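Letters A, B, C, D, E and F mark the chains in the order given here, with residues in each chain numbered from 1 onward.
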């Protein structure tokens, strides 16, 4: 039998830990945290940014994101599909809202000298996150360095160096 | 051709006007405000409450709602379908999250002595709002008072009085 | 292994018992009665009305209803979402058909001096029913009378009296 | 602007004309008759049968059907997909309900000496009807008789004769 | 835990056995062969034809098909729904592509003197196949010969003879 | 009025031009080429590879891909979402089939000394393609080099160099 707790989560007021290379942190509240969301097609997330922190280019394979800024200033953008790969950007201040359509690569960047906080809704109870750099250079096992060198116009040595780095996941 | 402005909205940091009988106000950000949301299945809303303000029992005919409290304390609940009509409630403080499944009657009430603010995601670009009292007693033209008296176990006089009232819509 | 009985139900020719306060009765035939309906997105219902019987304002959270009158005369209607809350009504005689869009509050009322019967199709194998008065005033446990008084412009005493009543579910 | 008439249809109490070779008739009430059904995922139909009348094997390419008998006795069935092609049948009397899953070939036959009438719900506002014999032998222009002879294990002469017949559509 | 093999199938280069009455063969690659396709809404098939081989009139109850010819020449077609039952056909050579919309009756015929091969995509992980002749005349148990005689304008003796034949399923 | 040509495309037997840096080419056949695919949820593509050619890491924001090899040998793979970013790979020979689930980053690489050809089905009439390197380093206007340097652990100079390159789209 369902109970109120199945529809409840606590702690989205807590700032995520931005003490990392990206200086950003995403706290997800989806069906993994709230079982009552099953089949209901929605979830939330909180985004925290230290000054100059970056939520790096990523996609949600199963969801559109709509974000509003609670504190600070964010420079955000998404890139359209081939062949145009057009970049749409906005500087967002407190109370501004921006949409990142399903599956498109997007990023957020704390443009300002103070912390920034945003809340986002996502159109799936399990939207997924793919951090591009992590999936490309941090896949386990690694993607063939020949493939990546050719795809990214890098020499193999640079690819190997990239693949040897630690690729942090800033999503919790 | 699409442009960044089609995915943008400004002003969700502004408190909605709670100077009304319900002492609450909902600011919607859906496909009517952001044309780029078309077909993308998501929208946002901001909820403001004066002390003891009420967002009265209502449904979203085309969407589930997931809400998080930014300020203050809310007592919230939803009622399951027939035959059980079970009430699920929670007292929500800052950072708490609660889910109101699609089509179920739900409400929020500012339990505390200070203003309360919440942000909600909804699983449709056009979820719709039906304030129960307004649709039942404030329909234009009015629903037959015989039907309403029988349905609500009220005498016709009380129904007629209710139908003569002003039924404010606290949604913008 | 599936068998013909999984797609079969018997008894929709039987009049539901209208010997109750609402003088109406709804017999549902959905996935709970016919397991073969699972995932197929449709169900049926039979509606019976004694003279002046009312199927009170209700919604189906997961389905649109299309109804045809087999016997008698029904006055029916639905109310659109906020902000308009426009009432659309029709008097239906034998052979007339009317549509109640998903999630909207609607009702049927036997306008005539004889019994009335209708058959309805619903666009879900499990559309759900929410009788508004029952969910609002008959929720278990009860919704805060402060909230309901404010929402319905009633004094607390009237709300308390309403909450003390028996709220019959005319759906089987 | 929508109006009540957009959700209304009249005349489903009228018996369809069964004075044809199949001695059956289907009256459809879908988005072509009721524009308000657009996007709502449901429609109705009335089926009339003279004694021994047949609603011949057909499919609905975009919908499941759920039928209830109002008068008379029907022998109904559907055939499952390859490889089993299992026939599921039932004799239906007044008040019996049967389901024909989306896209499966099904038929109804008036088993009795009196007229039979049924009402069906379909899980699409535009479910479509494909009468198998009509689409196979009455296609315009005709399907290659070589193909049909090979497919149906008939000699070409029989196929040609069949293709020369009039293939009545009993759906209105 | 998922593994690469859950997304893999081997053998679509092998010609299906066309040594049968229809002189055609379909090899399906759907969720039954590749469990990782579950919920992903797509599958493949390979079609082989001996000279003058026929893939007889059939439907996919849950999917649209898009086919491209790898070798040989096919005469293909589909028939629209009632009331028009219009036949759309094309002669397809190597590299030609044709679409068979969901649920519509369609066929392919090797028009040429050499083998023909095609690859098709289908818009479901489990589209299903209904070979019309098999489902109509080869259902198990058989459909009433009275019904089929009336539906197909055949005498009962011909129907009985047809029902006594072996109806091969050319789908693997 | 629809006609057979609306469901037809010609030329998928033609090898795409692989005389480019990636030594690969993708020919798409979707709703832009075949208007009759509208709403039908499927499309095809042909993939050509010169020896050691690469179809670089990319996603389809609105579709799952299922591919079969017609000629040659491909090394293929996809990467799962965060936090695991697990790489699933296979070496595919003629007749092998592999699935790339919706929205996940995937690639194909011609492992062999001869040309390779594959045919793919995609679960949308308009699946979209996002070549990761192109969208990240070739977006127009460019993404902030500060953001990319931080996201990809590269120095700004390398990012600037990458952004100055020509990012070819191998999709037609």
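The rule we apply is simple: a residue touches a chain if its C-beta (ideal position, glycine included) is under 8 Å from a C-beta of that chain, and two chains touch if they have at least 3 such contacts.
Because the structure is a prediction, the values reported are computed rather than measured.
Novice: Taking a step as a move to a touching chain, how many steps at least join chain B to chain E?
Specialist: Graph distance in the chain contact network comes out at 3.
Novice: If each step moves to a chain the current one touches, what is the fewest number of steps from chain A to chain C?
Specialist: When the steps are counted carefully, the minimum from chain A to chain C is 2.
Novice: Any chance you could name the chains that touch chain A and chain D both?
Specialist: none
Novice: Sort out for me whether A-F or A-B is joined by the greater number of C-beta contact pairs.
Specialist: By the number of C-beta pairs in contact, the winner is A-F.
Novice: For chain D and chain E, let me know how many angstrom lie between their CA-based centres, rounded off.
Specialist: 23
Novice: Where the CA atoms of chain E average out and where those of chain F average out, how many Å apart are those spots?
Specialist: Chain E and chain F have C-alpha centres separated by 29 Å.
Novice: If you average the Cα atoms of chain B and of chain F to get two centres, how far apart are those centres in Å?
Specialist: 44
Novice: Which chain F residues reach two or more other chains?
Specialist: 101-102
Novice: Touch graph across the chains, line, ring, star, complete or other?
Specialist: Looks like a ring, each chain touching just two neighbours.
Novice: In their shared complex, at which residues does chain C touch chain D?
Specialist: Within the complex, chain C touches chain D at residues 2-4, 7-14, 29, 34, 36-37, 40-44, 63-66, 68-70, 78, 88-90, 94-102, 119-123.
Novice: Spell out the part of chain C that touches chain B in their complex, as residue ranges.
Specialist: 21-22, 52, 54, 56-57, 59-62, 75, 77, 79, 81-87, 101-105, 107, 109, 128-144, 146-148, 150-154, 158, 162, 165, 167, 169, 171
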